[in-house]
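Shown below is the structure under consideration.
Chain IDs A, B and C follow the sequence of writing; residue 1 opens each chain.
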Amino acid sequence: MGNLTKEQIQDRIREEAKKALATGEVSCVVGWTKTRFPDKTKPFFAYTDAECDLLVWNEYCINSTAKYALDDRYPEQKIGLITRGCDSRALNRMLKDNQLKRENLYIIGVVCDGKENPVCDGCQHKNPLTYDVLIGEPVEETINEKRFTEVEAFEKLSADEKYEYWAKQYDKCIHCYACRNACPACNCVECYADQYRVGWQGKAADREQNQVYGLTRVFHVGDRCIECGECERVCPMHLPIMRQTKKMLKDINDLFGNYECGLPDDSKPVLGEYKLEDPDEFM
Amino acid sequence: MYLAKKDLEKALQTLSQKAVVFAPILETIEDKVSDAKTVEKKFMPYFDGAEVALEGFNTVKPPKDVLFPNVEKMYKYKTGAGAYIMELLPEDSQKIIFGIRPCDMRSIDSMDKVFLTKDYVDSYYAKRRENVTIVAFGCLEPSRTCFCDSMGLDPNQAPTADLMMNVAADSEFTICNDCGTKVLTDDGKYILTPQTEKGKALLEQLKELLSDGGESYQDTKCSLHIVKAENLDEKLSKMFEHPIWEKVTKGCIGCGTCTFVCPTCYCFDIDNENHGAEGCKYRCWDSCMFSDYTRMAGGANPRPTKKERLRNRYLHKLEFFNERYGETLCVGCGRCIESCPAHLDISDFIEKASLVEIDASDYSEANYSEGRM
Amino acid sequence: MAIDHECSCNKNPLVPSLCQVIDVKQETGDVQTYTIQTMDGKKPFSPLPGQLAMVSLLGVGEAMFSITAQGEDYIQCAIKRTGLLTEAFHEMLPGQVIGVRGPYGNSFPVDDIKGKELLFIGGGIGIAPVRSLIRYCLEHREDFGHMDILYGARSKSDICFKEDCLENWSKEPDTNVYITTDISTEDWDGHVGFVPSYLEELGFQPEGKKVILCGPPIMIKLCSESLIKMGFAKEAVITTLEMRMKCGIGKCGRCNIGSKYVCLDGPVFTLAELDELPDEK
């Protein structure tokens, strides 16, 4: 977090949130506030100065703020978002997917030093990549040497071992769609799984239907996953969902070269565009 | 009567001879590539060698699926020539739910009201219910989200269970290495109190393991005490358009977690599974948090956004069910608080709804966050 | 625990009985009426006017429809094509085997309206439930006073139950029929205009009169406002609600409005009763 203490960042967040509301262009600022449990914060929407004073910044600010921007795709006023590196990549994801318009967002970036969330250990972008105002001095970015270590180890298991592992996991799944609803890459206006009348996805929470859902989602978000880990964090049954998305990303890295999503560049999802030089050995 | 902790396994083995015994059991999924094994405590049929964990925190999922399975086949059918419809009722097998907590027992009372009263008896639920005997276990250590006593329950007593089980007051404890909760030592004793004929029959089966005595038990209090207005249901009935709804529903991400971990959520969907001309009709749990739950064929939806959906869920728990069945549908088990991805907290809502003015024109968290800071 | 097995239906209420469609009648471009019998040629059950039937096309799905008419050995449902299931219904030919369970819901309060003058207002497919009551009243004509029937459809070809609306009902004793269409077409020389404005134009007297009002939500809303303006009490206006339903017996949860379930406590409510419910209709 560079040069500022947690308290200083929290003060600056409140100050910037108030400033944003005072311009009259921003309707509310989405950040975090305390709950009755000291190790939990919750997403919070500040509409007034008094509410801005309830915004907090601590190691438990783990929920992504970005996806709330989708609640109002055509807002009358800008939506203010307290944005960490992961949130900014989530916003870039949704901007690139044409789900949001940049001019509808007011982004208060905060340099983040990681939260009480296992996924933060592998974070490669502690600095927000997109913002209107930045709180804190940018820190040097790190490369996560262990990005695919676990996936590589898992790949070495036999097919039966892998199936047994995932079958047990999907027996736990309760089909609640928390992973989808928390995922910034899951931004379809109507999810295929909600099109019950078409019958893509059965509603019963049994192993078969849970697997159909889990695998379809992983393939659907495969080349657009920003590795924020929200899917795994929100899962009430603790399924290791990131292991699947990481496998997709690893294969993409192997096939198409170094690849990362949610960066503020013009790159397109690799599976969504065709290039002559794309690998085609399988054909 | 006393049952020594060291005889618990024998007791479960004895009961398993005549019925399938669903008990809170720790299930471990080993991960061969990391040391991150996952352990889930869940109600499942007892087997020799099962790691039964009566004490400790309650299970992530309630045992409601013993009576109301997540997926239940209702009838099978054939279309075209030789068309038929054949009812599929659950088997006539005896089951025991062993070690249910008072909050979850009270939830079954609510489900009984839904499925067995008001003109229609649900044949599937009735069949399962008749064949189930319930042994409740008074909480030893509530988790931090437990607030059942604020909802009018007693964490030590489940009056409608067939058999009540408590930890004897003079028992000793150790602390579990994995979860940090209190566990009875092998010298510890449970007090068994039958509350129905079915309960007496169970005791009879266990008589060789029991010894006389058992008056005073460990008295447990909930961890979370909340402010709740005396007649919250009546107050909420005048708050359908209150500005609080807009604000408290903002953080919801619209998943079904709260409804699927809730012991009292009973809503279901009905769908088909076809194999050629044959198929079966099944019902499965549904969630009022999902957008298609109330969406009609033409596309109209009386509850179009998360505000209307979460409002309906909270009001169903705290007002509508009271009006229809005379009791609150939230039992204070705290599961949804622990599991909600957005950290929404129904106990927090109950407090705020209890404190706000009915005809307030505006609602701000800033006015009701005292004590949270 | 002892379970009281007294169920209103004396059997598993969620399992349909096999029935057959013995006649399909094309009412309009997107509405068909199905005449339904048990496999051995009997009436599936005897519904009260306004009650509902859960009709299923095995392997496709199941939905709740109002029962628009009944006879000695049949019931009839009129179904509008709106989604996948109803599209499949519209493929049915006589002889099709279907599943039927019911009857569900409360019914029009026939005892309350006895001896009263009646004003029936229907719009579009909303005439389907109203027709069950009109038929009941005509069968027991001496129990009821003067009857007015006001029905609106988009155009002449969209008028459901054309024989009843355009010929039969107006020949009944002490019965007036007013038909209006939203748009003017060459084949139509009757009234053109929306139901609420025609209603105000006709200007019925509220004294001693009960109103039965069914149609699309916007029509119900506007007609209710007109009726109240005309002096009708909210207790005197009876309407029906539509919600997504699955079980039909008040268990599965989704059709609630406040603490009432439309499938069980409805679909028939007076405006006064609706006022007591949350505004989520």
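Here, a contact is a pair of C-beta atoms (placed from the backbone, for glycine too) under 8 Å apart; a residue touches a chain by one contact, two chains touch by 3 or more.
Treat the numbers as computed from the prediction; the structure is a model and nothing was measured.
Nearest to the global CA centroid, when each chain is reduced to the mean of its CA atoms, is chain B. Among the other chains, A has the CA centre that is most remote from the centre of chain C. Work out the mean CA point of chain A and of chain B, and you get 31 Å between them.
Mean C-alpha positions place chain A and chain C at a centre distance of 49 Å. One simple way to say how far apart two chains are is to compare their mean CA positions; for chain B and chain C this gives 39 Å. Those residues of chain B in touch with two or more other chains are numbered 269, 271, 286. Residue positions of chain C touching 2 or more other chains: 83-84.
Across the complex, chain B meets chain A through its residues 29, 31-34, 36, 38, 40, 60-61, 70-71, 144, 224, 247, 250-251, 253-257, 259-261, 269, 271, 273, 282, 284-287, 290-292, 306, 339, 341-345, 347-348, 364-367, 369, 372-373. Within the complex formed with chain C, the residues of chain B that make contact are 74-75, 77-80, 83-85, 87, 89, 112, 114-116, 118-124, 126, 129-130, 196, 198, 240-241, 266-272, 274, 277, 279, 281, 283, 286, 288, 293-298, 300, 302-303, 308, 312, 315-316, 319-321, 323-324. Those residues of chain A whose C-beta lies close enough to touch chain B in the complex are 33-37, 40-45, 47-48, 50-51, 53-54, 63, 67-68, 71, 150, 153-154, 156-157, 161, 165, 168-169, 172, 174-178, 180-182, 194, 196, 202-206, 233-234, 236-238, 240. Chain C meets chain B in the complex at residues 1, 3-9, 11-18, 58-63, 82-86, 97, 99, 217, 242-244, 246-247, 249-259, 264, 278-281.
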